[in-house]
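Two complexes follow with chain A in common, the first pairing it with chain B and the second with chain C.
Presenting the complex of A and B:
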């Protein structure tokens, strides 16, 4: 449930809110429709999921692999797509000692079948809300902050925002190793130029493009402060990345005056 | 041990609850803090999953999953609040 819905008091809006925003989850058989290299270390995988009820931007699914001896491994992956329909896009980063991600990145091919559980998670979601936009309530801007592959669910939100031409102000701060490691690079560029614009701020941590204005470095509190919507504008903030990244950023946001209740985080582990 | 957060519980908890329990507010038995389960700290290992309060680190819940059973203990949660519509 969105914060906006939770704060709704009018009966008309309450009845609209009774329509489930997030469909019930279940186990599904997914067929790999296509795969392509997303970055040197990641793959974009498009799934055709039998019976998929659609999903909100920011949700995830669990993939379960079963070995011939019955051993199973289940891992969670953020969904890069949203909306109705049975096509689901993932972008999976290869973890060096992972059990599932190396298979998904290097081995899986169009036509392969996977077991998936989803859509999952109603906490870390954003949805365009025509009713609220029309009533000019919840006009709070949205700040997205991504570390590495943590951009996947945030990209889904930015894309949903662009497709809906939602008037909410959207800004994405994306920390990434190098220009080669940017997920959805073309799509993000298009969203940044679209009519419901996404303000995109990139921070390169290892290698910046030629002529970039600042040398590569990890995000600092000062960079964060200069590249996010100020606390005074009461943005809703979504942060996704490695546990260390998310906790560092969330602590700084609170120090910078952001309300902790307005910060939603998703940690994927890793260093 | 590296932790994630309660968002990762949405799949495992779907076996126990008919709604997305990660959005429900739980009260910690240790410190009384209220927070969505999605905000809890989650420690996963081969032996199972431990869910801890993000305020005081008290153990809220433990989960064990095998191929033929799933088990959950909620010893550290004194109440769960669900929003209706």
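Presenting the complex of A and C:
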């Protein structure tokens, strides 16, 4: 696989070629390089991971924390970054009664060390297609659908798409509580303006910006129908968020005529 | 290579001996699926076992008329959650294989929706696996694999194929869908066989 991409000259494709489609996973020591508030309820954490083999857009890793008494807790987190290199970006939402997420959102700081296992998952991934990029033929459009922190792996895909200047049509439907809760807000805006643009549709569930067309409400089947690439165009669809969100959206997509085999899902838990 | 994570204490708790390493006890029932939940009507459902010599087939009525076991067991998902003392009803694989003659030692479980997972046959027999259609006294919900799923509680739960439709015997162990996508060929939670 790497031979094929190595023939292209674009720098993005060349750096992608350094990462096998499915890099081998393993345990690594990660040092927190930086943290910043992503939304009032979430933090972005940049890790420097010793020996990280790179990862494809959409993959996740396991974070293991160890308490002084030897107790450990392990949770999965999607990776917001992709490609070669040892820098890995996460974005974590604080669950009020959670064990791990409040620590990652509020307590972790630059210089702290964690253990991570990854990269993981070879199915919920998207890679720029070098052959299609060259010929710009017959690439199926890509529809991303995110609920809350479920945008993390989809942002990685949108960013990889932008970096590679991949001509595949890309659209993201993103459900958030309020305008303050948009992850990667500046980056998404920039991707929407870029030359390989991302079409961004936001749905606000609790509070919409002033003058917004519709009052805040959860995604409905009708919204999905109007803000998603139609089934007739055979998009590849990636859906990510809480289990309840993904279940609802995936069921509606099937009802709207999307081929179940074209819908890939990542369920974060919860209802 | 464990070291202490500064500032992390975790919830105070006693370690439950029934939890394999790296697992957290949950009380809800999380879901791991790679795509939409297939809707399978019991009127059309059937279960088959295919061997080198032929095929055995049950429809829903035939299947639910077989000897049914009550199973109380702990379950462990690769995404780090475990549930203890879950209760299921289903047909033991020993019952299903009673009249099946085969020399082949490996099984590929096939599901409605196209998913597959591989398990050696000897890990499915001797009271180790069921095809379950009730959870907690209710028909198994589609989200959790209904109408029927494989139940192989001593392995990580992705091996307990949801929406199971049949077993195909194989001469050699081959990776199924989940295994091709990064999960371990075998999947023992006690030795943390999570990923390859």
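As a convention for this text, the second predicted complex is superposed on the first by the 245 of 271 C-alpha atoms of A that agree within 3 Å, B and C clash if a C-alpha of one lies under 4 Å from a C-alpha of the other, contacts with A are read in each partner's own complex, and residues count from 1 in each chain.
FYI, a residue touches a chain if its C-beta (ideal position, glycine included) is under 8 Å from a C-beta of that chain, and two chains touch if they have at least 3 such contacts.
Owing to the predicted nature of the structure, the values given are computational and were not obtained by experimental measurement.
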Q) Is this a clash or a fit when chain B and chain C both end up on chain A? A) clash
Q) Is it chain B or chain C that touches the larger share of residues in chain A? A) C
Q) Regarding the shared-chain residue A:185, is it in contact with chain B (first), chain C (second), both, or neither? A) neither
Q.
Which partner chains sit in contact with A:253 here, chain B, chain C, both or neither? Use first/second/both/neither.
A. second
Q: State whether A:164 touches chain B only (first), chain C only (second), both chains, or neither.
A: neither
Q: Once the structures are superposed on A, label A:122 by its partner contacts, choosing first (chain B), second (chain C), both or neither.
A: both
Q. Which partner does A:108 contact after superposing on A: first (chain B), second (chain C), both, neither?
A. second
Q. Which partner does A:74 reach: the first (chain B), the second (chain C), both, or neither?
A. both
Q. Can A:95 be said to touch chain B (first), chain C (second), both, or neither?
A. neither
Q. Touching A:265, do we find chain B (first), chain C (second), both, or neither?
A. both
Q | From 7-15, 61-69, 97-105 or 115-123, the chain C stretch with C-alpha clashes against chain B | A | 115-123
Q.
Please report the chain A residues shared by its interface with chain B and its interface with chain C.
A. 22, 25, 62, 70, 72, 74, 76, 117, 120-124, 243, 264-265, 267, 269-271
Q: Using the touch rule from the top, collect the residues of chain C that touch chain A in their complex.
A: 1-11, 13, 15, 22, 24, 28, 30-38, 79-81, 113-114, 143, 180-182, 195-196
Q: Mind listing the chain A positions that touch chain C in their complex?
A: 22, 25, 27, 29, 62, 64-68, 70-76, 99, 103, 107-108, 112-115, 117, 120-124, 243, 247, 250-251, 253-254, 260-261, 263-265, 267, 269-271
Q) Inside the complex, what are the residues of chain A that reach chain B? A) 1, 6, 14-15, 17-18, 22, 25, 60-62, 70, 72, 74, 76, 117-118, 120-124, 243, 264-271
Q) What residues on chain B touch chain A, complex-wise? A) 2-8, 10-11, 14, 20, 22-23, 36, 38-39, 67, 83, 85
